[in-house]
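Next come two complexes built around subunit A: one with subunit B, the other with subunit C.
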Partner chain A sequence: MDNQFIFKYSWETLPKKWVKKMERSEHGNRLDTNSDYLFQLLCFLKLHTYTRVQVSIDICGVDYPSRKRRFEVIYNLLSTRYNSRIRVQISADEVTRISPVVSLFPSAGRWEREVWDMFGVSSINHPDLRRISTDYGFEGHPLRKDLPLSGYVEVRYDDPEKRVVSEPIEMTQEFRYFDFASPWEQRSDG
Partner chain B sequence: MFLRAIARPLMAGVKQTTGIVGLDVVPNAREVLISLYSKTLKEIQAVPPDEGYRKAVESFTKHRLTVCREEEDWEAIEKRLGCGQVEELIEEARDELKLIEKMIEWDPWGVPDDYECEVIENDAPVPKHVPLHRPGPLPEEFYSTLEKLQLNSKEAPPAVTSGESKAV
Partner chain C sequence: MNVPSPKKDLMIVNMGPQHPSMHGVLRLIVTLDGEDVIDCEPILGYLHRGMEKIGENRTIIQYLPYVTRWDYLATMFTEAITVNGPEQLGNIQVPKRASYIRVILLELSRIASHLLWLGPFMADIGAQTPFFYIFRERELVYDLFEAATGMRMMHNFFRIGGVAADLPHGWIDKCLDFCDYFLTRVTEYQKLITRNPIFLERVEGVGIVGAEEAINWGLSGPMLRASGVQWDLRKVDHYESYDEFDWEVPWQKEGDSLARYLVRIGEMTESIKIIQQALERIPGGPYENLETRHFDRERDPEWDDFEYRFISKKTSPTFELPKQELYVRVEAPKGELGIFLIGDQSSFPWRWKIRPPGFINLQILPQLIKRMKLADIMTILGSIDIIMGEVDR
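This part shows the complex of A and B:
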């Protein structure tokens, strides 16, 4: 119920340049913006008296391979003062660089590293952009839709060389894809 | 019991603690608030007058300033505004000042000619077993600020009608 009021208020007060699309729903309010205005928008949301979102819950990305700007980086924010949540979304492609929000939300450091590691969306002037979840020599960005589920290399301990080596993957069984239209067994005669 | 009844007006003057970690008690909160709000009202003049931001800030800052000027006691201020403790109000006022400074620097005012914005009102019902996020009650002056904003925007023809996107 109060989602409506906060939504209307942010609609009236946010500078129109910053907002590309807004959605109000019981599932969560959403704000789409351009990557130029991301830092400014988040700064506004953090500092303004009536939208005090001081906590960033999560920064994640989504890959839509069919779109031109294929990634969407989503900032989930929480206002502890008014108990309201808001999602800010940005679309980016592989070469877009996003401004880091670490100076506003210190917890964003790890989230941005993760977005970089999993998707390849990097940040300009980020204080510490390293890989965070993948292996040390890993090439590629795992959560993109074009990296297969089992990856390209497998690691094993090689006794003659006395170290762990990575080799191209060898699966003994080919990938099985289950697509049952009904949970019951398929019957050809019906 | 009589001692407390006599001493209560005097006791209300000193605040022991805010109850929030990291937020110290400010003994002269009223003066600090009045100075911050007057500074805010001065700074906001740099923003163009049509903007919703300026109207909102002016409206609630003026309201808070009048309340602070009328009431002598921090407890009375807190009760009347209903917006949390005076130390929190001070923090909010300081952040708002910072924000105004940054907004003036970035200067995002004005609507570009080919502006189109899609406002989706998604009223799809959430299944009953999913816990809904219900925000708590908002302070009263939020509603009054919101009303003022909407009145003002209804006088001038709005750039976009909500619920539909305006194709150029």
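This part shows the complex of A and C:
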């Protein structure tokens, strides 16, 4: 469904050291790059005449705890002129700092705040890096795979102190993990 | 431009998380100089429920009830996108009838969402009458939804491979009656609002967004189309069966709040056109592709055939997501709603990222209200059309 135009063009014109791997699939094309070259690559994609990728649709972080560089930050981009989408991915670990793309794509400001808040991947020289979705005194980065779904603290309103307090979580029922293939038994031979 | 001198006191006003308009829990910290706005800072996160992390621990069919809570006024779109993602990953064909049913329900949901945008928008400006009028039509839409899906708002209706149940007998006639009635109502709204001089004073020239600026900031939906960019995902992406209907994309050039209002009214009329065409041409056939309910290793397609559908209950829906990534998108009434889905070869997704249109459209608010008056904040905020449920998810 995607137009393959900018993908083919970028594959031919980009300097090879910027791009670690390019993959094309029917579900969207992706470009893997190094975090040193991220800003230059996005600048090229945005301003070059044949790839005018002007819209940053989404910046997303993914956590793969089994890898050495466990986070991957994925930039979903759209070119309205050529009706093409492309994805740029970089890997990072907990202490890598990626360069912000806010000066290129103004809409990226909040996405980068969210990647910081949810994963802990920070940006160098970001104009405004603070938490965006979590609570005011929240510790930890929620979307990492090591934080459990229920979290570690729960909040309640404490009447003697007349404010909301956070306390370690108390669960009355153990967390049930439904990882089953089918609620019924597997059929033996159909 | 007035540079605020250090002797002048700038007042900082907190338009707190709760306020009597229906946008939701959005906190705006506004810096004022008299009545002019110097700066504004929106603070989000009051409705953050961790939808993305929950998505990593639920199968798709278990997650469907959660998705309607993102954008609770246009619920069909969130369900459609939750189901479209796995369908595209697994290359699942949706039967024609199911596609038409989906289009009809999606367009009804778009009308409902625009109606409930119109009411609070007018109420924020000061006109309370349309707020009651829209609920009249919205109740009719709710009745149609309840007859088809069983629930007024949080229908859990879409399934991977189609819809959960077929339309009841007589629903199509009721829906056609609704379309005829609604067209007279839209004319009534236009007579009441569009050339009203008080409304025009409040809304014309307020919050202008140019076309280049709109694309740079990543706006989508009616905000983009009101600035002169004719970008509508239904036409561009050719998804579902929108290509088979004859309809136009409404757009305007000025980019102010009046243009956005006109685009949304135009979209309501176009939606009625699509619904009428779909209802007249709806094909028969199965409403769900039952083969998706098994894992690949246990297929037995003979029992999933259309003729056997009354033999017994349907098997439980289990679906395994292949190890691929996909960005699927849909043209929600607020803008471009997207899901970035990374599958792991299991029934739980590895990453379920929601791209809400309200989150992006809200970023332009501090730009737009510099040098506007305090009363214009609500006009601009209303015309951006955000829902905090999806902004915070």
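Criterion: the second predicted complex is superposed on the first by the 177 of 190 C-alpha atoms of A that agree within 3 Å, B and C clash if a C-alpha of one lies under 4 Å from a C-alpha of the other, contacts with A are read in each partner's own complex, and residues count from 1 in each chain.
Please note the rule applied: a contact is a pair of C-beta atoms (placed from the backbone, for glycine too) under 8 Å apart; a residue touches a chain by one contact, two chains touch by 3 or more.
Bear in mind that the values here come from a model prediction, so they are computed numbers and not experimental data.
When the two structures are aligned on the shared chain, A:M22 is found in touch with subunit B, with no touch to subunit C. In the overlay built on the shared chain, the residue A:I74 is in contact with subunit C alone; subunit B does not reach it.
Of the two partner chains placed by superposition, only subunit B is touched by A:F44; subunit C is not. Contacts of A:L149 after superposition on the shared chain: subunit C is touched, whereas subunit B is not.
In the superposed model, A:R110 lies in contact with subunit C only, and not with subunit B.
After overlaying the two complexes on the shared chain, residue contacts for A:R85 are found with subunit B and with subunit C alike.
Of the two partner chains placed by the overlay, only subunit B lies in contact with A:W11; subunit C stays clear of it.
By the document's definition of touching, neither partner reaches A:R97: not subunit B, not subunit C.
When the two complexes are superposed on chain A, the residues of subunit A that touch both subunit B and subunit C are 1, 25, 27-28, 83, 85. The part of subunit C that touches subunit A in the complex is made up of residues 44-45, 48, 50, 52-54, 57, 59, 62, 88-89, 215-218, 229, 231, 236-239, 295, 298-300, 316, 318, 324-327, 336, 338, 340, 342, 346-348, 350-351, 353, 355, 359-360, 363, 392. Here subunit A touches subunit C in the complex through residues 1, 25, 27-28, 30, 54-58, 60, 62-63, 74, 76, 80, 83, 85, 87, 105-107, 109-110, 118, 131-135, 142-143, 149, 177-179, 181-184, 186-187, 190, going by the rule given at the top.
Looking at the complex, you find that subunit B touches subunit A at residues 51-53, 56-57, 60, 84, 88, 92-93, 95-96, 98-99, 102-103, 106, 108-112, 115, 117-126, 132-138, 142-143, 145-146, 149-150, 153, 159, 162. Across the complex, subunit A meets subunit B through its residues 1-3, 5-6, 8-9, 11-28, 37, 40, 43-44, 46-50, 52, 81-85.
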